[in-house]
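Letters A, B, C and D mark the chains in the order given here, with residues in each chain numbered from 1 onward.
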Amino acid sequence: MPLLDVNNISISFGGLAAVSGFSFHVEEGEIVSIIGPNGAGKTTVFNMLTGVYKPDAGSIKFDGVECNGLAPQEIVKLGIARTFQNIRLYKDMRVIENVIVGMHINQKYGFFDMLLRTKKFRTCEYESAKRAQQILEMVGLSQHTHDYAKNLPYGEQRKLEIARAIATSAKLLILDEPAAGMNTGESESLMHFIRTLKDKGFTILLIEHDMNVVMNISDRIYVLNYGKKIAEGLPEEIVSDPQVITAYLGVTKEGKDAAGD
Amino acid sequence: MKKIISIIICLALCLTFAAACAGEKPPADDNKGNTPADNNPPADNNPPEDNKDDTNTPPDDGSSKGVVKIGVFVPLTGDRAYQGERTKAAAELAVQDWKDTHGLCGGYEVELAIYDDKNSPEEAASIAEILVSDEDVMGAMGSQSSSTTMSATPVFQEYGLVCLSNTSSHTDYTKTGNYIFRNNCINAQEAEASIEMVQKIIGPKTVGIFYSMNDWGVNVYNYMTEVIPKTGMTIGAAEPVADNTDDFGTTIANFRAAGCEVIFVAATPDISSPFINQYRALDSEVQFSGFINSYDEQLITLTGKNCEGMLVPATWFNWSELDQRQYDFTKEYYDYYGEEPTSLAVQAYDCVGMMLDAIDHVGKDRAAIRDYIESIEYDGVQCVLTFNETRDASKTFAWAKVENGKFVQVDRSQYE
Amino acid sequence: MKEKTMNLSNAFKSFLAFCDRWKAVIIPLLIAVAAILPQLGFSTYIIRLMCNILIYTSVGMALNLLVGYTGLVSLGNVAFFCIGAYTSAILTANCGWNFFATLPIVALTASLGGVMVGLPTLRLSGPFLSITALGFAEVIRLIAMNFMSLTNGPLGIRSIPRPNLFGLELNLFNKGFYYALLVLVLLITLFIYLLTNSKYGRALRAIKNDEIAAGLMGIRTGSYKVMAFVICSALSGIVGAFYASMIQYIEPNSFTQDNSILTLSVVVVGGMGTLRGPYLGAIILVLLPELLRGAEGLRFVIYGLALVLMMRFRPQGILGWKSPLPYKLPSPPRDAGKR
Amino acid sequence: MLLQYIANGIAIGMAYAIVALGYSIVFGILRLLNFSHAAVYAFSANMILVFMGWHFGIWGAVAVSIVATGLLAVCVNQFALKPLRKKNSDKVANLITTVGASYIIQNLMVMYLGSERKTFPFFYDFGVSIDIGFYTITSAQISMFVIAGLLLVFLTLIIRKTKVGLAMRGIEQNPLAANLMGINVEWIIAIAFFMGGASAAVGGALIGGYYQLAYPSMGVMVGNKAFASAVLGGLGVLHGAAIGGLIVGVLECLIIGYLGASYRDGIAFVLLIITLIIKPAGLFGKKNITKV
């Protein structure tokens, strides 16, 4: 039973079919990537998964639970956490606070526990702070614990977003172009970091343009173009798939003759 | 550079705050919470900045036993400023006249403690605190609108300082306590006078009531709805008006639809003038009847010939041929201030006159001043002033009419 | 010249850091000073000023929760102030209730107002929200003006009694009213401190920083914003009740737009999103008109000028700043180990 | 009766519309609630009286007042708002600065011109007024309607057709990009403020003339109503502000007619709250969808 099972979801904005009939699945502990040229509808798929848009048709099952049409808050509770294409951190809050806010849904204490500072409140706060420090340790940001999120360099801000997603104790991490705007050194260390996440048992769904990262890290790849799936399979198969090349690089003269159309 | 200025700003403010506090002298004795009537609050700690009244002359060669002050709290900023200015001018004139005629007052140098209450209740209450805690202040004269006056009177009553109002007509004003007096007519008297004028001069017609949405307007309206039906006149329509309204098109349409021939204008000139102008533009025969506050030069300047023939009950007459004293006062006020006095200003003049008279007789004792004023027979410029048991001054009404841009006195006997 | 300004502003910053570090000592000291201040034999004029400062501190504290922590700029806070004042005035003056008995009902009616503003503005942001709140305050003032049977309309409500606690009347004379207000301010400060240092406070701050991200991280932004409105309106209502009891005569025109703007300025000048901001903001903005009492006409001009200069040179407010001190990690509860 | 109410409503509506234009222009560009606009409007009407005092003649006084008010609006922008923009400080700070500016302008006027109401000449009476049965639509109402219409068309033309207008719309979308494309952003913003001030001055002259009154605090109530109509019509959309102003004006007159004048002030805001609930960006406003 795949952890995430999506079959032929589609959505259109004012008559334009952004995504039509796209199905894919993600197994537990796997790294799956979705690639495609700009405007292929990748982020739209993401937004449908996380409840920002409601798909016109199709179903999304996570861990057997149908979450098409649920509010974003419920979907996060189920265990899907995401990062954003353009970084959306809580800039004026501290690094550790950003992570603790991620744990908001799992902090179980009521208004009066807060008012009277009951033991339940204090233990929950202490646990959250301890776990946040562990996550920061794991992510390698522990020396920035007390800094403000907006003072972090770009690479660290990406990691903090991922740390915040982990903090929601999600089973599936959805990363939206984490390597965007990174130089080779940074994307190298990011790749290494994602691999360590995989070893720690996280299932990752990735949208990425940086072919180097995608090819080295993904177990399976889906290719999307104009909202339709044009290829799926192992990285090696995708690299040599003619349809993918034409989608990305456009038709070369030889290519057209070879295809003979 | 920027940080510097902000630091300087807040340092300066903190310093001035410290200076303000340091200005207080700790009291000699502890004040017991007994009945306010007979103890005046301890420390002579007038607030740090002195009020800038102009008669601050030092006591001359030892003949005066010190200073006595009359507190005046009126709006000098905001949109009621010009009404406040007039009360202040009348008060200053009263003190000036007293000095010219008597020099000292009961052996004391006379001063005015004038404060601006911004027409806000909080301010008026704070100023009342200043006045009661200043030992030299022997009486206070109160503000322009009833909300400011009525938030100050509890303080005066609590501390036992006489407060005379030249403007308040709120029914519950004098109910605050025995230290609160009113030198202004109550709306019942005003409404009665206006109705009587219309009934006698114009006769039974359908009338409209145009009243401003404040305590004075609402009281006048309530009173008139009871009395008018008994006088044979019928009320065609009654229209309230909110503050700072400029457009009366719709209200006028309602009055005209109800066929009103006479409109009672229960609003101050700054609200009633646009109403009269716009009404006259649509209907030339309609007649207006005003109240005491319409007896104001500003009404004529703002409406010009539109208010021709408007009836106004007046407790005061500028340049009156019948009463030489009123004529002299108008002249004196005009020379001093460049504008003819309104009845409110004259009442302010008499209020200060009464307080000075009281001090002259009983000296510097707030309770004695209160008793003296309660049973006073003061020959004021307006009329001989006495207070009834509810501490309201009874007024006699003269009839006035606007004729080619001037208030002209109407001879009552003609219509008797 | 440049270095001189730098080290002076650093001096100011280190001064603030020093206060932050020694908070545990400085705060009780300040409370003690506030407690003995009225006993130094000031005239009731100064006592009334201090009460005004405390009133605007507490209502500034309530609005700070909305503006400083949640980022919802409400220009209609006087609506809750007015609801609270009228509810308490009607109950005490007309129905003869004890002042403190009216407070729960005041909080209830005011928070009803809060919900009425909070719910419809969930989808609004920035200036639209401010204008809706301003409109709501105008509507409340008009209801007070026209609802003759309940609020006595423009005649206002007269001789509202001072609060009395087991028979002792708390007024400015025996300074009891000042202490009641002092207790109120400290209670509100404690409540907001507890609230902001918990998941609720963090959620509100997250909404201020980036509402969409907060939503996608599982925070129900809608209900938290309404919660912020309800708490702010309930507290403002209670402070309104104290105001009515202090001024003893209220009418619709004492709750105008200027009051909302003054409260917002207290929060912004003092320092948004800080606990101590409203204290200094209230001190400055209540004392400024008193110090300028001499310059009648100029008074408001200087008040306006102070606002403009403040926004230009220190927009985050005098006490608003990013504390360089490390984040206070919660200490383990004593018996955590036993589990 | 209804016809008379609507006629009056249109006249007041036009007054709100003109002042609302000023709010819309400034908001369109800076997404900023310019509180000082009401005081600028009052400033224009009072300055006309002052200029007439210097025996300028009515039309000369109006022209000079339009320029003076435009410059005043630019001063508010230069001294109060520009420094804040440079430090891209918080939205609330801009709001409070404009409030401070409105306090300064209004109270300086009260200090120098006194707070009482002064008569204002009725200068655009062309004598022709239409009588329909018992009710008359005075020439003032007609000329107010016509002049306001012309002003609206003129401003829309500037925004739609001219280079400056294009630059303004560019800055509205993305000030940074506009700057990079060589648009002198500060200069364009100053022009926008000038246009806002000038339209307020036209409004001041018209409304002052119509009611034959001018006093320093005349801006407060008209300002609030005009702002509500600008938001109602959709901030940043010029014809939205005009139509919003008309709706508010007509409804107000109907309310006075049938319910009584004391409810008058509330209607603008009740209407506003209801509209914003249904369409958060106002009637004609475009809802800017924030990309995730």
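By definition in this document, a contact is a pair of C-beta atoms (placed from the backbone, for glycine too) under 8 Å apart; a residue touches a chain by one contact, two chains touch by 3 or more.
These figures come from a predicted structure and were not determined experimentally.
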Length of the shortest touching-chain route, chain A through to chain C: 1
Between B-D and B-C, the pair with more C-beta contacts: B-C
Chain whose averaged C-alpha position falls nearest the assembly-wide average: C
Distance between chain centroids, defined by C-alpha means - chain B, chain D (Å): 37
Whole-Å gap between the CA centroids of chain A and chain B: 74
Geometric centre distance via CA averages, chain D-chain C, whole Å: 32
Interface hub residues of chain D, defined as touching at least two other chains: 107, 110, 262, 265, 292
Junction residues of chain B - those touching two or more other chains: 77, 213, 242
Chain C, residues touching no fewer than two other chains: 145, 212, 216, 297, 299-300, 306, 310, 312
Chain D residues touching chain C - in the complex, by the definition given at the top: 27, 31-33, 79-80, 83-84, 87, 89-97, 99-104, 106-108, 110-111, 224, 227-228, 231, 235, 262-263, 265-266, 268-270, 272-273, 276-277, 280-281, 290, 292
Interfacial residue positions of chain A with respect to chain C in the complex: 50, 52, 72-73, 76-77, 81-82, 84, 88-94, 96-97, 100-102, 104-105, 107, 109, 111, 114-115, 117, 119, 121-123, 125-126, 129, 133, 145-146, 148, 164, 168
Complex contacts: residues of chain C adjacent to chain B: 1, 5, 8-9, 12, 40-49, 52, 145, 153-156, 158-159, 171-174, 246-251, 253-254, 280, 283-284, 287-291, 293-294, 296-297, 299-300, 306, 309-310, 312-314, 318
Footprint of chain C on chain B - complex, ascending: 1-7, 9-10, 13, 16-17, 20-21, 24, 26-27, 31, 33, 41-43, 45, 47-52, 76-77, 115-116, 118, 120-123, 125-126, 129-130, 132-133, 145-147, 150-151, 154-155, 158, 170, 172, 175-176, 213-215, 217-219, 242-243
Chain C to chain A touching residues, read off their complex: 191, 194-195, 198-200, 202-203, 205-206, 208-210, 212-220, 273, 322, 326-327, 329-333, 335-336, 339
